[in-house]
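What follows is a single structure, and I will ask about it in a moment.
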Amino acid sequence: MYNLLKGKKGIIFGALNADSIAWKVAERAHQEGATFVLTNAPIAMRMGEINKLAAETGSEIIPADATSMEDLENLVEKSVEILGGKIDFVLHSIGMSINVRKGLHYTNSNYEFTHKGFDVSALSFHRVMNVLYNKKAMSRWGSIVALTYMAAQRVFPDYNDMADNKAYLESVARSFGYFFGRDFKVRVNTISQSPTPTTAGSGVKGFGGFLSYAEKMSPLGNATALECADYTITLFSDLTKKVTLQNLFHDGGFSNMGISDVIMDSFMGADE
Amino acid sequence: MYNLLKGKKGIIFGALNADSIAWKVAERAHQEGATFVLTNAPIAMRMGEINKLAAETGSEIIPADATSMEDLENLVEKSVEILGGKIDFVLHSIGMSINVRKGLHYTNSNYEFTHKGFDVSALSFHRVMNVLYNKKAMSRWGSIVALTYMAAQRVFPDYNDMADNKAYLESVARSFGYFFGRDFKVRVNTISQSPTPTTAGSGVKGFGGFLSYAEKMSPLGNATALECADYTITLFSDLTKKVTLQNLFHDGGFSNMGISDVIMDSFMGADE
Amino acid sequence: MYNLLKGKKGIIFGALNADSIAWKVAERAHQEGATFVLTNAPIAMRMGEINKLAAETGSEIIPADATSMEDLENLVEKSVEILGGKIDFVLHSIGMSINVRKGLHYTNSNYEFTHKGFDVSALSFHRVMNVLYNKKAMSRWGSIVALTYMAAQRVFPDYNDMADNKAYLESVARSFGYFFGRDFKVRVNTISQSPTPTTAGSGVKGFGGFLSYAEKMSPLGNATALECADYTITLFSDLTKKVTLQNLFHDGGFSNMGISDVIMDSFMGADE
Amino acid sequence: MYNLLKGKKGIIFGALNADSIAWKVAERAHQEGATFVLTNAPIAMRMGEINKLAAETGSEIIPADATSMEDLENLVEKSVEILGGKIDFVLHSIGMSINVRKGLHYTNSNYEFTHKGFDVSALSFHRVMNVLYNKKAMSRWGSIVALTYMAAQRVFPDYNDMADNKAYLESVARSFGYFFGRDFKVRVNTISQSPTPTTAGSGVKGFGGFLSYAEKMSPLGNATALECADYTITLFSDLTKKVTLQNLFHDGGFSNMGISDVIMDSFMGADE
């Protein structure tokens, strides 16, 4: 619509289906003039419909397990080759808790599951940046964004070990972002998005009720996947070159609310 | 009970009646072996029962309008004289919004009221420290504490301009705390306390309902005035000498909650 | 360049001269297709060269003292009239400390100066939003931005009472932002910008040295006034509709640095 | 000195030698009337002089690898037996990065090392609480404290993956602290301590220079290990019952400094 990403080249992780934020980011990036490679875990791709998105946006797909350095090296090398130059933007939208999937309560974790979820959800971001950094694959003033959630700062009991993984992920954004900024002028940020009815989000217990709660707490209501994509585009554009090491709340104001009138009224009714 | 403040000398602002946090701090400071001067605005003293507290704790009362430099200078000079030496601890527990009292909505402030409330609630903390600093009235490793509320960080719609005043107050704690630390090794902190059913707190619209909401959100429940006094004593003691420029939440965990199970259940019921 | 603000109408406070961030915002907003009214305090306009900017961007100028409700009401009414409809975006870039100007140290404030500076720098933001809110002058999904500085969170000794004013300003953004969001779907945010060599910034003692320090601490270096304008444009655009109540650091990463290698090396040299 | 922990029972992890913060906490807890069990990794105990501390404080030692559920279960069971009742306080002071030890730069991590360091430094805190929670081994109103460092919030380049581990640890404190509070009225907090010349701290590159930098940045100077122990005692005492889910900076004010006069002067000298 605005040509904000005209000529820019990217890699987008995590477009599972049309509900995914990464899917919307791909569509919007395409509209804004970018070319990019789509990637996902081989197993996620079997579940997903990513071919449709690839066709729609003229993109190639390179499967990669984000916990495999070999896969990531292959991904980055091929992407640079396919796109014809260094990478301008990367979206990391990867998260999964086996403890959640298996219905294990936070106070009763299986630590093998915790390690595996940590590797997929948090450490993968370090791995991705490691490969991009050491292969010098990012353009100067490029932009790397990972999606996160406010459970990294505050307690949402059903978010389980994903909360801790997101805290680690946000720390990696700062830690690696420093070196990426210092050495390549690349910025690294996280977007802390409203609860969003994606395949991943919907796995959390009581998600529907929580969605409604967040909607009523936020003065502008929850941010949608499409709105998140719009916001992500601004962070990939040349208009935000000096924003780095930040965790940016995109949530209709939820993060800075103590209580809203609507929640108060709803609670008062419930309380009587 | 522990002699934590044995031999320490203090000034306590804001003990209005037995519900006041400052009242409890005075009682606890007395039990811990401190001597101190009680002070309050002349007008608040007419409403209060501070004489009872003075008798109970063997304290003298020196009225002072915290917006009057003359009153504050008199207070500090006399306190040093009465207590027989420099001041070890100060509690600032002063807050008042005329906009709230007059029922003016935040979007419809009377700015004379805003200025007056700002002077009483926020700037008074600067004035108090100004006098203590310039009269060199604080002992080395002394401790200054002001009470605040989380509306300084997040939106509580009925808290009105007190929210903004508390944000200013917390900033003054940092700004003046730097100079007090650098020059006199005095620490300055704020305690951000749970909503508390004091005379001041109860003035806020819908306070009862909010109290119940906060109780259900906080894993340990709301902190009481007496518990706040206990916590304040630790900050006046020699065990916290290197804590400074901090805003310390004393709230049963509320500040770091996104949602609790109890609130979620209550909300889900209300929602159906 | 991108038509990001095509057809949008705005009011821009604080364009003093070509160094001002507000000046750059005006130029960039013009390039992006917006029309707007320029405003400044009558006294600032005598110092400034705002006519040049008005000519360049095809804007009208309406002088307004941001501490006068009458002036602000006139400004908003006339702006809606001139622009032919409700306001889509507002930039508040106003700040001034008389204590700083008069060389009074923070520990030795003149409280009349403090009140006046507070009115101009902090309360003015409430006043501006009050008028816009009560006149229902903002479009749905409009955007209000105020410029601030990190001294609101951390101690920069020479920033004096401007630090506390900025803390208040940021609180007003949240407090009023809630009502603006709830009732009109308008977002309100602050941008916390790198130290910038504007007329206002340069008034701070030791500014040159501090600029160099911040440059060396920030992995991407300091953000310039023009870069700040670019970032502001994204916040005025339709791509950031669900970002509200936020304080957004635009500072090359400074805010999340503990120490950089360059500062460490420089310090180690100095220390020997 | 004050009998603050009279009759309280505890478990203290991580007393390696007389420089360790945990060592000082043990000494101070003993002085305040507590009894406790000392524990450390078997390998750390070979390096340490913990027997001396045990003799001095009348404590038993139970070796435990904090990444082994079996060891932790044995530790908790035996501690309850030895101490004659449930546990009132726990100190977690465990941290180690193999990447740091092996001299691997953050941008060049060995991910097996990262996983191992994560397990020891961060996940161990979850494991410890898991065992205490599921064995119902904590007394009501008990207190759990872990030591952390500000690299969890801001970039300190040489802190390597310990920064990310500390971010995870602090998140675990909130996540598990919620359930511990809700179900057992136990509070969980982290203390974010000044850089401290312990065996662990000294392993970080350029530690001496950084210590001096932090000293000059902090208005009260760096907090010592003994001061940290004093502060920890207050968090174990009954005076802080409603403080939970918090990360508490104990750092002479460093965390809220933007710049100090001393650093500015030192930097200006260096710059010329």
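By letter and in written order, the chains are A, B, C and D; residue numbering begins at 1 in each of them.
As a convention for this text, contacts are C-beta pairs under 8 Å (C-beta built on N, C-alpha and C of every residue); 3 or more make two chains touch, one makes a residue touch a chain.
Since this is a predicted model, take the numbers as computed values, not measurements.
Participant: Give the chains in contact with both subunit A and subunit C, ordered by label.
Facilitator: Touching subunit A as well as subunit C, we find B, D.
Participant: Of the pairs B-D and A-B, which shows more C-beta pairs in contact?
Facilitator: Of the two interfaces, B-D and A-B, more C-beta pairs touch across B-D.
Participant: Taking each chain's centre as the mean of its C-alpha atoms, which one ends up farthest from the centre of subunit B?
Facilitator: A
Participant: Averaged over CA atoms, how far is the centre of subunit B from the centre of subunit D? Could you give it in whole Å?
Facilitator: Inter-chain centre distance comes to 30 Å.
Participant: Need the CA-centroid distance for the pair subunit A / subunit B, whole Å please.
Facilitator: About 41 Å, centre to centre.
Participant: Show the residues in subunit B shared as contacts by 2 or more other chains, in ascending order.
Facilitator: 154-155, 157, 174, 177-179, 219, 245, 253, 256-257, 260-261
Participant: Given the complex with subunit B, which residues does subunit C contribute to the contact?
Facilitator: Subunit C reaches subunit B through residues 69, 106-109, 111, 114-115, 118-119, 122-123, 126-127, 130, 133-134, 152, 154-155, 157, 161, 163-168, 170-172, 174-179, 245.
Participant: Show which residues of subunit B lie in contact with subunit A when the two form their complex.
Facilitator: On the subunit B side, the touching residues are 150-151, 153-157, 206, 209-210, 212-213, 219, 253, 256-261, 263-264, 266-271.
Participant: Please name which positions on subunit D make contact with subunit B in the complex.
Facilitator: My answer: residues 2-4, 174, 177-182, 185, 187, 194, 218-224, 227, 230-231, 233-234, 237-246, 248-253, 255-257, 260-261.
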